[in-house]
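Shared between the two complexes below is subunit A, which pairs with subunit B and subunit C, respectively.
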Partner chain A sequence: MGREEFLFLLAGLKWTVALSVVAFICGSVAGLMVALARTSGIFIVERLTAGYIAVFQGTPLLMQLFVVYYGLALIGIQMDAWAAVSVGLTLHASAFLGEIWRGSIEAVPRGQTEAAKALSLGYVSRMKDVVLPQAIRISLPATIGFLVQLIKGTSLASIVGFTELTRAGNIISNQIFQPLTVFGVVGALYFLMCCPLTIYGAHLERKFLTASR
Partner chain B sequence: MNYTLDFTPVIDGLPNLLWACLGTFTLAICGMLLAIVIGIGGVILRQSPLKPLRWLVIGFVELIRNTPFLVQIFFIYFALPLAGIRLDPTPTAIIALGINGGAYAIEIIRGGVQSISKGQMEAGLALGLHKAQVFRLIILKPALRAIYPSLTSQFILLTLTTSIASAISAYELTSVSQRIESDSFRSFEVYFTVTAFYLVISWVMMRIFALFSSRYFSYPVR
Partner chain C sequence: MNQTINSATTTEPMISLSGVEKWYGAFKALDNINMSVAKGEKIVLCGPSGSGKSTLIRCINHLEAYQKGDIHVGGIMLGHGSKTIDAVRREVGMVFQQFNLFPHLTVLQNCMLAPMRSLGLDKAQAEDRARTLLERVKISEQAEKYPAQLSGGQQQRVAIARALCMRPKAMLFDEPTSALDPEMVKEVLDTMIALAEEGMTMICVTHEMGFARQVADRVIFMASGAIVEEAPPAEFFSNPKHERTRKFLGEILGRH
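Up next is the complex of A and B:
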């Protein structure tokens, strides 16, 4: 594999990073809504979001991308593969992050909410200033774990036809007939992205474990 | 929006899709069995006194957990023939699923083994039980119970991951649906239906796992 080919892979890597970042940021915003709705205490809203989460957790990401990709075209929204995949991954991330953050919101001791209520803080201030800062801390290891899942999940965009790292690898491998070298390098690039995050996540988890002991 | 949904290709292809569900189940179950074998083997190797062996297992786990399954399955698909092993896509997919699931299983099972306090082992030995007896009568069930929730959710994830095996055209639900889609161009209808199938599959598996758990693990703990 020559310089040209490697640069092509790096161009694909750029899109993998872009997809991951967009999906994670948009998914975080939407996921926060989901988590808040899931813990809102309003029965119908809670049921609806629970269903939303269950659908995304019970179906393959690949199918979600397909349905969003063709579904968007169906309702008349013309989008290129890049935008459609971003929307699909964002929805996916919103459900998973919503569930992770629901867990951590519920893990914040009830006394905190009660104390905030006793101080007559409104819902917004109660969440923003009291509950969420603690919940985010609790959720950090799991959130980072999901970010790794999300980065790996962007590889499925290649099946929908978007040229990110894995598809770039496919193209190169078909050109130079060295699939093992090419996919070895592609795998190494993913590893370099994900491994530091995994290590950092494990480090945080250990830190919190010792702190709570 | 001037598009009318037309589910006829899906209905015509229904028998094929149902058979493909069986293919998905086969992939999932064989993958799980292989994952359990790799998981147990990995945990034993990881506790071996030889340092290189332990590092090998740790390296394997981290390598698999930090790379996408799609890249792994491509790699295995192209690597096996070079190693002189010629297999159809479906067995190849099972191997890839087993390796992927095995890496996660190693981590989960290791956690279960560690969760059993040392005192249990010592108490069993003090009562004059054999080491194998202690393991079988005392350690095994609580350890299984401790890892059961994470292991089963990992298995459901593995079942959903089988859809990626369509990339090497193994026989399962996604690849069959892709064939129907490319014949009929009713992409949304096909994929929407198949997504519902997956939802049912994972729900059924969840129920089965829960039933099993309530049957075997619902003894009172202090």
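Up next is the complex of A and C:
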């Protein structure tokens, strides 16, 4: 495998990173909304968000990408592969992050909310100043774990024809007929992205475990 | 029942409850509660576990919803909409058994948060007020620390200062010394006594009978969600009228 081919893989890597970043940022914003709706105390809102979460957790990511890519085209919304995959991954991430953060919000002791209420803090301040800073801390290991899943999940975008790292590997491998070398390099590139995150997540988990003792 | 103390005063009570009923499903946690607390009055609320003491004081700032009756605080009628609930919560401070300090904020930030967010003080004003009150509970040198770095007694004094930073008209205490090691009980009680001497209106759920004798204008005894007996401490301890009160006092005083 030559320099040319390697640069092509790096171009794919660039799109993998871009997809991951967009899906994670947009998914975080939407996921925060999902988590807040899920803990709103308003019955109908909680049920609806629970349903939303259940749908995304109960179906394969690949199906979700198909539905967004082909489904939206069927009802007349034209999107290029990049936009469709971004939307699909964002929806997927919002459901998973929403559920992770719901758990973390509920793990903050009730006394915190009660003390905030007794101090006449309104909902926004209670969440922003008291509950969420603690919930985010609690959720960090799981959030990082999901980010790793998300990065690897972007490889499914190759199936709807988007040239990210995995598809770039496929193309090169078909050109130079060295699948083992090519996918070895592709795998190494994924590993270089994910492994530091995994280690960081494990580090945070240990840190919180000792802090909560 | 002994209602002599406040029925004579003509000024509006600071806190009054009339006919308050609270249900948890089919379980009646509060049964026809009538009480009135004058400005500056100190009430000690006691009773066996599960008698509804916490539920009662938590209704006063609407941490618990109640189904029947009326509650007035500082001239505001506590409705069920968020407007009057917020107004009442600005007027009454609450101190919890478990302190409930915000662990991710420093002592100073704990005290500054609510005055800034709900009274609209700017940072300098809030800090000024916080430092003054931390001084008053004798903990100003710990202002930059986090709650976890303080002893239980220190944390509870910070919790008192935090509540006072809202300049409340009344304070509610729910067993403020029950979670403390014995050697720390006194520093918290002393803080409460100082507060009482400054004329704060207080309702304290506590089994510290020494505190009740020294500070309370009235002791109210609850059992099974109802007020069974109320009397000034001297009378309450020396001449309890009801069998349940006598039994309770026997248990609690016998313990010490």
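Here, the second predicted complex is superposed on the first by the 213 of 213 C-alpha atoms of A that agree within 3 Å, B and C clash if a C-alpha of one lies under 4 Å from a C-alpha of the other, contacts with A are read in each partner's own complex, and residues count from 1 in each chain.
We adopt the following convention: a residue touches a chain if its C-beta (ideal position, glycine included) is under 8 Å from a C-beta of that chain, and two chains touch if they have at least 3 such contacts.
These numbers were taken from a predicted model, which means no experiment stands behind them.
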item: Three-chain arrangement built on subunit A, subunit B and subunit C clash or fit; value: fit
item: If touched residues of subunit A are counted for subunit B and for subunit C, the larger one; value: B
item: Touched partner set for A:Gly98, first subunit B, second subunit C, both or neither; value: neither
item: Which of subunit B and subunit C A:Gly12 touches, first, second, both or neither; value: neither
item: Partner chain in contact with A:Leu121 - subunit B first, subunit C second, else both or neither; value: second
item: Subunit B versus subunit C as contact partner of A:Arg137, first or second or both or neither; value: second
item: Partner chain(s) touched by A:Gly88 [first = subunit B, second = subunit C, both, neither]; value: neither
item: First, second, both or neither for A:Gly111, with subunit B first and subunit C second; value: second
item: First (subunit B), second (subunit C), both or neither touched by A:Asp129; value: second
item: Closest approach of subunit C to subunit B (Cα atoms, Å); value: 24
item: Residues of subunit A defined as touching subunit B within the complex; value: 55, 57-64, 66-67, 70-71, 73-76, 148, 152-156, 158-159, 166, 169-170, 173, 179-180, 183-184, 186-187, 190-191, 194-195, 198
item: Complex contacts: residues of subunit B adjacent to subunit A; value: 1, 3, 62-63, 65-72, 74-75, 78-79, 82, 156, 160-164, 166-167, 174, 187-188, 191-192, 194-195, 198-199, 202-203, 206
item: Subunit A-facing residues of subunit C, complex; value: 61, 63, 86, 89-90, 92-94, 96, 98, 100-104, 113-114, 117-118, 159, 162-163, 166
item: Subunit A residues within the subunit C interface of the complex; value: 109, 111-112, 114-122, 125, 129-130, 133-134, 137
